[in-house]
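Both of the next two complexes hold chain A, though its partner changes from chain B to chain C.
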Partner chain A sequence: MIHNLEPVHASKPINFSKIFKRIPFYLLVSTYAFVIILPLLTLFSASLRSDADLYAPTFLPPRFTLEPYRLALTSYPLGSYLLNSFLTSSLITLGVVITSSMAGYALARVKLPYRELIFGAIVGLLLVPGEITFLPLYLHVNSLGWLDTYTALIVPFIASPLGIFLMRQFLKSLPQDLFDAAKIDGAGHFRILWHVAIPLASSALGALAALTFLGAWNMYLWPLVTTQSKEMQTAQIAVSNLVSAEGSQWNVVAAGAILVLLPTLVAFLVAQKAFVSGIALGGLKG
Partner chain B sequence: MNQSASNQTPASLAPRSSRMKHLKGEWLEGLLLLSPAVILLLSFIVYPTVSGAFLSFQREDPFGKSREWAGFANYLELASRPEFLSSMMTTLKFTLLVAPLELLLGLIAALLVWRPFAGSNFFRTLFFLTTAVPTSVAAVAWGWFLNPLSGWVNWFVRALGLPVQPWLTDPSYAIWTLGVITAWAGVGFVAILLTAGLQGIPEDLYEAARLDGATGWVQFWKITLPLLSPTLFLVGLLILFRSLTAFGQIHLLTKGGPAESTFVWVYRVYQDAFFNFRFTYAAAEGLTLFLALLLLAALQFRFFGRKVHYE
Partner chain C sequence: MKKVLIAGTLVALSMALAQQNAKTEIQFWHSMGGVLGERVEGLVKDFNDSQTNTMVKSTYVGSYDDGINKLLAGIRAGKVPNLIQVYDIGSRTMVDSGAIEPLENIAKSNNFDLEQFVPQPRNYYTVDGKLNALPFNSSNPLLYMNTAMLAKAGIQYRNSWRLSDLEAAARKLTIKDASGTTLRYGIAIPIDSWFVEQFSYNSGEYFCNNENGRKARASEMNFTNPADVAFVDWWARLVKDGVMANIGRSGDNAQAAFAQEKAAIVAQSTASLTGLLKLVGGKFETRTAFFPFLKERNGVAIGGASLYAMKGQSAEELKATWGFISFLLKPNSQAKWHLGTGYFPVIKGVAALPNVVQAHVKQPNFQTALRQLETTKVNNYSAGCLAGAFPEIRQYVAGAIEEAIKGKPAAEALKDAKAKADAALDRYNSAIKK
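Let's look at the complex of A and B:
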């Protein structure tokens, strides 16, 4: 294994035997990575094929075409589904960031009666998965008259026990002096939250936002049961509909799936740090 | 405090009441900060959980209009239904495959990339990538990957001289195939968590082991595994929850079939509620799943919790 080289070693001549020793390792890691992403690569390859080339046994498409993408976007209006997913996921993320900072701050920094008890109860809610509550939640949302609206897709998810937990832990870990100084200046808690806590928590908030957006974008069961009209359905449901509608047109289905993957994939590649720390925090502390 | 000891004098009363005033102001601010989240959690997590529990003890007329108290009738019914019992077994089988496989695949990835090397960021990106893949996309990718006509898996099988397998349409394979797909989809998630766990192990332990002449194999069993065990334990718990509640990939690829061989628990709840319109019965199935989840989590704590090595 190569370690971070000390500055002293930096001027050393290149050690060829060491590089040779690394070859098996690189072969191993490349093979494993290739096997892991192979299903995605073959999906991408299928999305670039014409109907005639679809079953040609080659890794790359014999002739490249963007026709499947055109079909997925025109004959099947994937664009509007993607827009719905963007809208709902962004608003859920915004809501979670706001409610989690406020509640996390209150539980970490405000002297409230029964503070630890409230926090404990919120942590307990981490044990309740959405797949357990979806049926009574559906009946609840139905009685509110929200079915097949953006409200049903957004409002039930703008407070997150995990988000509150993460923000509380983060804000609790900050040194007390930072808050005392603001208090002596006579600032109230809302001002301290806005001017002191939020700026300090920007990386934690970024990680929480990435984690939340990913979760919202991936939601499947909930939009499946609460939306009926095409105008309200999300990208995940669009993929499911595409499979039923164009089941034999695998190139069009593949193009649609790649279009649904693209936003989260690009977000992941651009903000990998936020995603990775969000998932690591959410998993290890949650 | 001296001041409160002599609280008879009016002079000490003034700061005290102002302190009370200040505390009340602090409570008010705290409540204002806390209330949006608490109200939302109460209405959209606590209320549905409680009302779901109530619902499961009720009976409804065929139109779902009126409901009445029914005691344990729904629970007695599901315990006597072979479909429900077979859904339980299917879910258990599925979880028993997914949990160890996902953990193993993710652990291999994490062990390969947790230390920095030339190109480690590139490989980390590739391994972590599946976290960004939505369930529906993972399902479609594998549907194509396993396609009998074109899928790479079947090309590979044919190259080995074996017959092409209907991975998703044969009742004896389908649930295992879905398990592999689910484990694959979780590789990135597990790799991220275990990489973080591995990086938390103090490097000087490895230095000391190397000085003592311990091989990589010995280091793995004596240092890595024991010190990673708290992380492995938590990841195991998360995988347990995720695989017991798997739904999207099954809905998209097999719809519970062939011959109900992939009819997992959540799918049963979905089917009974939204196709058979038996909400109270489905609520009982849902609550039973919740109890099973908590029970399995408790069992994991009981059997592995003590063996976990904490620093």
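Let's look at the complex of A and C:
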């Protein structure tokens, strides 16, 4: 009895001091989180103000109004822009997930000639900045007659060196026994990929998907340059369309930004874990 | 009955489709976002509704810089629009690109009398003796004044300001607390090379050599002229004394400071008029005045952007492009554009239209830019500087203002910036020669 009670008694003061010790840490983290979220809250607050209240020095809008949202949705075809963004981002993500898991599997588990060399070349591609390939890629897409189509917005991005790198590293870290067992049971490469590799790599794939979606969603220059008509433009272009060089209606811009931000925000909340592990895996790249 | 209806609808549909196919479609790229973008789209819609065989497809292509990048990529691929909007300082580059069809050629072949243009915007876009582009959205810089504050400080409103008078007024308008911290600034100007350029012109100085690059290609910048040195020195002094708000490079900050009554006077483009009045929202009376000058007022150059027709269009397309351009030049379109945005009409006689006169009586601020334009001397000062690499040069000038504010003597800051700007201009000019 006494023996049982003792640890309970002893653990209480320890817990207390542990909590006490954590206070500064949480204080610091909360402050940091607040600093990060403040611009977002300010944006949200601005999106609920009328023109005249825009610069009123209060955190909350003096008078709530949804007028900026109405303007953003009616004056600009934000809906069709959002649909384009959603379609292209989803298909790019799907493409990257498929190509990365297949290539990653091949590079990690299939005995190919010059496998390391191929992998080295793919890693090397990570070092090539997008600015260098931009114009050649544009000319290539043009010669294929793809300008101003969804194809131009999607196809160039359905394979990603980062994705292949991530999947190869992840699949390599799994025990070889699993793959051997599947092989002994008579599974071919596709079956192994589908029934062994992909289920085991689902966390890595989820992270990759989340990162890819975010990256595709935020693309600006490529869709701007390759599209020729309004019907093909994406949400990021719509946001920039709300901004005027000679002074903008920032409340409408804010409302538009919130509307464009919303899908990624929702995606983040749903796939928060995947996002965090993805950033931990990838180190960077958003 | 039903069948007849269906058949009728089908016939009508196919006729509509056939008509659709017969239409000449032209691509128009513009960089007007926000309210200005809505106004452009409005004009395009008006035009399309009035046409049976021409259709303008307008596309917003991002900022002016984005638009130029898109165009450059397009030139490589042979995918260019029929008409594109390019900012004022891209004029030299557009002419040098050789990818444009000068407006003067198109206008002449359509028997359009160029004398209908207001001379200053026409001058600005005339390069090597030819009008190259349609001055579409043309603006000039204004002072926006809070008249309630002016009245309280006992300052009489007037539209013409010498720099020294503006300083005296700004000092009077400044309110400081006991410790010397400024509570309200007399004036705020965004750190933007454009205002330095305009101060050159307005004081009768060239911003770049060879008479603003109008007599021959500019080979050197000239912003170390006495007017600009005085202006930047004035700027730095006023910031140091807490009379001018240092609001950074964004024009939006100037508008915010003005609307929040943190600054009594701000310098902004006339194109900001509609937006700024909206921000003020009737809290106080706003009056606009001409841009300041050093000793004697010459008048300013225009800013804004123009529309270029691209080379290589079929005769049919060119005809449609001209159709759209001449629609934009119609007095009614010009009036609509002017009153909807604050940009001024570029065709003579628009200000005399009854609806424009009426609007000017209701909102006299719309007149200031026009008056400033009318009273501007037509010469190579007010033609504005024409130089390559202008976007880069602007960065150096803005940097020089910042250096001066930090304490570097204005003359020295501008001299250092000139060295960098001249190098950029050299690079551009030698690349063109090749």
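By our rule, the second predicted complex is superposed on the first by the 248 of 286 C-alpha atoms of A that agree within 3 Å, B and C clash if a C-alpha of one lies under 4 Å from a C-alpha of the other, contacts with A are read in each partner's own complex, and residues count from 1 in each chain.
Just so we're on the same page, a residue touches a chain if its C-beta (ideal position, glycine included) is under 8 Å from a C-beta of that chain, and two chains touch if they have at least 3 such contacts.
Because the structure is a prediction, the values reported are computed rather than measured.
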- Query: Putting chain B and chain C onto chain A via the overlay, clash or fit?
  - Reply: clash
- Does chain B (first) or chain C (second) touch A:W250, or do both, or does neither? both
- Identify the partner contact of A:F119: answer first if only chain B is touched, second if only chain C is, both if each is, neither if none is. neither
- Message: Output check: A:Y69 vs chain B and chain C. Expected answer is one of first, second, both, neither. What do you get?
- Response: neither
- Task: Report for A:L139: first if it touches chain B alone, second if chain C alone, otherwise both or neither.
- Result: both
- Query: Should A:N241 be classified as contacting the first partner (chain B), the second (chain C), both, or neither?
  - Reply: second
- Message: Going by the contact rule set out at the top, does A:D51 touch chain B (first), chain C (second), both, or neither?
- Response: second
- Once the shared chain is lined up, is A:F190 touching chain B (first), chain C (second), both, or neither of them? first
- Query: More residues of chain A are touched by which chain, chain B or chain C?
  - Reply: B
- Item | First (chain B), second (chain C), both or neither touched by A:L224 | both
- Which of the two partners, first being chain B and second being chain C, lies in contact with A:F165: first, second, both, or neither? neither
- Item | Shared chain A surface residues [contacts with chain B and with chain C] | 54-55, 57, 135, 138-139, 220-221, 224-225, 240, 243, 250, 253
- Message: Can you tell me which positions in chain A touch chain B when the two form their complex?
- Response: 1-4, 22, 25-26, 28-30, 32-33, 36-40, 42-43, 46, 54-55, 57, 98-100, 102-103, 105-107, 110-113, 118, 122, 125, 127-129, 131-133, 135-140, 155-159, 161, 164, 188-190, 193, 214, 217-218, 220-221, 224-225, 235-236, 239-240, 243, 250, 253-254, 257-258, 260-261, 264-265, 267-269, 272, 275-276, 279-280, 283-284, 286
- Message: Quick check: in the complex, which residue numbers of chain C touch chain A?
- Response: 27, 31-38, 57-64, 66, 69-70, 73-74, 76-79, 139, 251-252, 255-256, 259-260, 268-269, 271-272, 275-276, 278-283, 342
- chain A residues within the chain C interface of the complex: 51-52, 54-55, 57, 75, 135, 138-139, 142-143, 147, 220-221, 224-225, 227-230, 233, 237, 240-250, 252-253
- Note on the structure: Contacts from chain B onto chain A in the complex sit at residues 23, 25-27, 29-34, 36-38, 40-41, 43-49, 51-52, 55, 105, 108-109, 112-113, 115-119, 123, 125-145, 147, 149-152, 155, 184, 187, 189, 192-193, 196-197, 231, 234-235, 238, 241, 245, 247-248, 251-252, 266, 269-270, 273-274, 279, 282-283, 286-287, 289-290, 293-294, 297
